[in-house]
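What follows is subunit A paired twice: with subunit B in the first complex and subunit C in the second.
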Partner chain A sequence: MGVAQNVVFGLVTGSYIAIAAIGFTLIYGIVNMINFAYGEYLTIGAFIGILTVGVLPLPLPVAAVVAMVGGGLVSLLLARVFFTPINQTGPVPMLLTSIGLGLALRNGIRLTAGRGSRYFDTETATLRFDGLPALSVGPVDLLGDVFVTSEQLVVVGCAVGVFVVVHTLLTRTDVGIAMRAMGDDESLARVRGIDTQRIRDNVWVLAGVLAALAGVLLGIQTNVSAGTGFSQILQILSAAILGGAGSPYGAIAGAYVIGLVLALSTVFLPTGMTGLSSAIAFLILIGVLLVKPSGLAGREVREA
Partner chain B sequence: MSVRERLPGGSVLPAGRAEQALLVGGLCILVAAVFLLTPLSATIPGALYVFFEVGILFVIYGLLVLGLDLQYGHTGLVNFGHVVFFAVGAYAVAMLSAEGSFEGVALGYPWMFALVVGVVAAAVLGAVVGATSLRLRDDFLAIVTLATAEIFHTLFVNFRGVFGGNVGILGVPQPVADLAADSDTSLVATLLLFGGVTALTLGMLTRLTDAPYGRVLRAIRADELVTRSVGKSTFRYKMQAFVYGAALAGFAGGLFALYNGAVAPGFFTIQVTVTVWIGMLLGGASNHRAVLAGLAIIMGLRLVSRFALDVSPVAADAFASVRLIVVGLILVLVIRYRPAGIWGDERELGVES
Partner chain C sequence: MSLLDVSGLDAGYGELQVLSDVDLTVADGEYVAIVGPNGAGKSTAMKSVFGIADRQGGTITFDGTDITSYPPETVIHEGLSYVPQTANVFPSLTVDENLRLGGYILDEIPTARREAIFERFPVLANRGNQTAGTLSGGQQQMLAMGCALMLDPDLLLLDEPSAGLAPDLVGEMFDRIDDVNDAGTAVLVVEQNAKEALRRCDRGYVLANGENRYEGSGDDLLNDEEVRRQFLGG
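What follows is the complex of A and B.
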């Protein structure tokens, strides 16, 4: 398999990581917490979608919308019960709370949904580009045969749609502008008459919606089980920090970097060591935190 | 009120507790030695096996929680990858001392030498992680340490030639089991020996943190800037606390390898870190005895679920899920309603419940 094919895979992986990472980074920037339970939000969204398709015979796009609405509500509910009451305690207690909540949610899902993995039944059309000439550098083929499935196009298309919507929301609507103001300086935002708690609720809903969409896309592209969200959280987190925690645009860039690194490392790593690709993503994360802690765009995380 | 009492964290424990712990630890090790070196043997009734197994794991995790408490409870370093030092110690000991492992490196050196190298390896890793990351903000230090743990986990799984992949390293010598007359005696002796080691560690750490040294650590947690402004090199103190904790975890890992006779990635998941953290927060950070008690409660849940399993009709893995839900919710509730833990000092920790 050539590099070009892996670039396709990387863009697809980057796309759903990006959707989730936007939500993660908004929570980080505005609620000021690292939400370790966020991976579970993806799982919950995906399972709501699968339940909708399975129980009510609704078409997939409708099920995705149902999942997004459900994800938003679940996110708001969890925030109101678990996070809003301890908003003033600082980042570490909130991080620890989210770890506990994540553990409980993950096992709750496992208990109700079982250990098996589910997926969305979709018809796949595959576009092949076989005529490309081989462009070999050493043992690595730079072009080679490329295929794109319709599912992959859906994932990337959804991601682009999300970027446009989030950008519009953040720049053109009052709520979005208030969100950015709160991300910059919460006290100043409150002085200007912004209802910070309402904005926080909005952020939770938005993050839940995005997580659910990412979860459904994961279910379309591969499959989901109770552990899916947890296996994604470190990549989402890496993407968000790589991009500069708190910056949605940085998170998008970070997500594609992570996605491409994960995919391309399978080309360059010897066979049998492809499992190392996730370690490489974390190495990038650590490297970024040490060299340029503010990420590609964003704020200072170093104290001294 | 004397000046000493008014200082932040003037004295957590009354004098003498360190000596008590040292005494208990020494006695436990003596009794263990009697079991091992004389023909005396013990028999464990079948129903109690599980107590000994969980008990041994508890005293090993006890070393982890004591080290973590030095880092987080006393110095305020949010280390969320504590398991990595445990794992590095265990793997170093296993690879150096194992003979004829199925896969991976097995060098067959004496286990005492391996244990020393295991502690050093964990300490060196702690120094590297500390030197690079201790200047980061609290929550980002948590992320770096967590990512470090995940990287090492991936390495252990993927480098099959070196670390034995998912199977791990087999054929690690079990010095206690070799000396003991039978397997029951070996369990009893292991529990006494490791429990003694943990008690000794408790005693020594209590000495350390009751000393002015511990006061500096707690001052750093309370306010690093103030501590630096009175002329303390806070980075050096943080670094020392971090490396001590890492070395202690490496030691625990080494003991685990020598007790278990094998190491595998499955023993060193994020679950270990989570268990130890929850135990520490439940008991009350910055109080050595409290963190051990908190850990005992959390690990006691394993026993409860083991026995409840026998009388309930639910499947075993469903029960494991229920236990983990309970553990997660305990963490949430403790942070919300008793942020200082059950036995922690709220004023001391600077939190309000």
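What follows is the complex of A and C.
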């Protein structure tokens, strides 16, 4: 397969990682915690989608919306029960709590839903661009045959839609501007009269909605099992850190870097070593952090 | 009756007590300064009023309402605004967004009020889309005051407004405070620059070691031998 085809794969992978990473990084920047259970939020969203399609049964786009609403509510509920009560204890107790919560959720899902994988029943149309010149450089084809499935277009389209909505929310609405203000300075936010707990609740809902959408999109691409979200958490975390933890725009950039590196490394790595592709993504993460510790879009640390 | 009435205030941070038995009043439209040496508890007194420092005893009433137990996000609804000494703007937000959050608790910010703030602080007028973190120290201080004035408060609390400003900007900052006070807003200011603050204010308090030491009109304090010797450097 040529470079062009892998760019397509990379953009698709980057798209659902980006959707999830925005939620992850907002929690990091505003609630001030690393939520290691966040992968499970994707799984929960994907399963709500599967149930809605299979049991109710409703068409897939409606199921995606149901999953997003459900994901937002589950996220808020989990936060209220597990995270809000220990908000003042600092990042480390919250991180440990989230690791435990993730473990419990993952196994709880495995017990109720079983070990098997489930699939969204989708009809796939495939756009093929055959007969393009290979433009070979050594053993690597730069162009070559390219195909794009309708599902891939949906994933990328959803991501673009999410970017527009999140950007509008964060720059045009009071609650969005208050979220960014809290990321800057929670104490000053309170002086301005911002009810910080209400804003945190909003962040939890938004992050849950985004995680559920990412989970459904991931499920459409592959399948849904109890480990679906957990298999993505390192990529999501890396995208957020690469972009500058707390910055949604950085997380988007970081997600596409990770997605493209994962996909393209399969072209350049010798056959049999493609399993190393995720390791390369982390090497890039380490490299960027060595050069710019605050990440791609990160601000310099403010002096007191 | 006074607008702000602090009586017998003990305050500090957690276990630490900084203020003991501090009394303080500000009348409607009055301009009051708190001066004193470093560590006297001047800023703590102000932070207690706004619910940022921990009140450990005494009462704080504002306009007849007991606000002693109010957190900051509740205090601001009572008609007083607070400009912290540092970190008083959101650095990653634009000037416009900062001003918008200045009026966060309002359903809608009156256009006239926005314009009045740009008139008072012309340096902000053409910088609506500039990120606050890229403003100079003086511009940030003006923006912070502008944000606090978005609510058209009855009382404006200013913590060290001249700290960190270039010397030629200090006078301008005090002029702006005079303007705000002349327009009818009561002002309570904590200042390191004691002489200038006492020259400008109606009434002043000298705090030392967390306690009331002297109180009087600005001029009386400036001319008091003891105050001059102990607190104003002769």
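Keep in mind that, in the parts below, the second predicted complex is superposed on the first by the 298 of 304 C-alpha atoms of A that agree within 3 Å, B and C clash if a C-alpha of one lies under 4 Å from a C-alpha of the other, contacts with A are read in each partner's own complex, and residues count from 1 in each chain.
Definition applied: a residue touches a chain if its C-beta (ideal position, glycine included) is under 8 Å from a C-beta of that chain, and two chains touch if they have at least 3 such contacts.
Here the structure is a predicted model, which means the values were calculated and not measured.
Novice: Give one of first, second, both or neither to describe whether A:178 is in contact with subunit B, with subunit C, with both, or with none.
Specialist: The answer is second: A:178 touches subunit C but not subunit B.
Novice: Return the chain, subunit B or subunit C, that is in touch with more residues of subunit A.
Specialist: B
Novice: Between subunit B (first) and subunit C (second), which does A:167 come into contact with in this model arrangement: first, second, both, or neither?
Specialist: neither
Novice: Could you look at A:187 and tell me whether it touches subunit B, subunit C, both or neither (first, second, both, neither)?
Specialist: second
Novice: If we overlay the two complexes on their shared chain A, which of subunit B and subunit C does A:196 touch? Say first, second, both or neither.
Specialist: After superposition on chain A, A:196 lies in contact with subunit C alone.
Novice: Please identify the positions on subunit A that touch both subunit B and subunit C, taking each partner from its own complex.
Specialist: In subunit A, positions 302, 304 sit in both the subunit B and subunit C interfaces.
Novice: Considering only the defined contacts, which subunit C positions touch subunit A in the complex?
Specialist: Going by the criterion above, the answer is residues 50, 52, 71-73, 76-77, 82, 84, 86-93, 97, 100-102, 104-105, 133, 147.
Novice: Tell me, which parts of subunit B touch subunit A in their complex?
Specialist: 78, 132-133, 135-140, 142-144, 146-148, 150-151, 154-155, 157-160, 224, 235, 274, 277-278, 281, 317-318, 320-322, 324-325, 327-332, 335-336, 339, 351
Novice: Which residues of subunit A touch subunit B once you look at their complex with the stated criterion?
Specialist: 33-34, 82, 85-86, 89, 91-93, 95-97, 99-108, 110-111, 115, 234, 237-238, 241, 272-273, 275-276, 278-279, 282-283, 285-286, 289-290, 293, 301-304
Novice: Considering the complex alone, what residue numbers of subunit A touch subunit C?
Specialist: The touching residues are 171, 174, 177-178, 180-181, 183-185, 187-196, 299, 302, 304.
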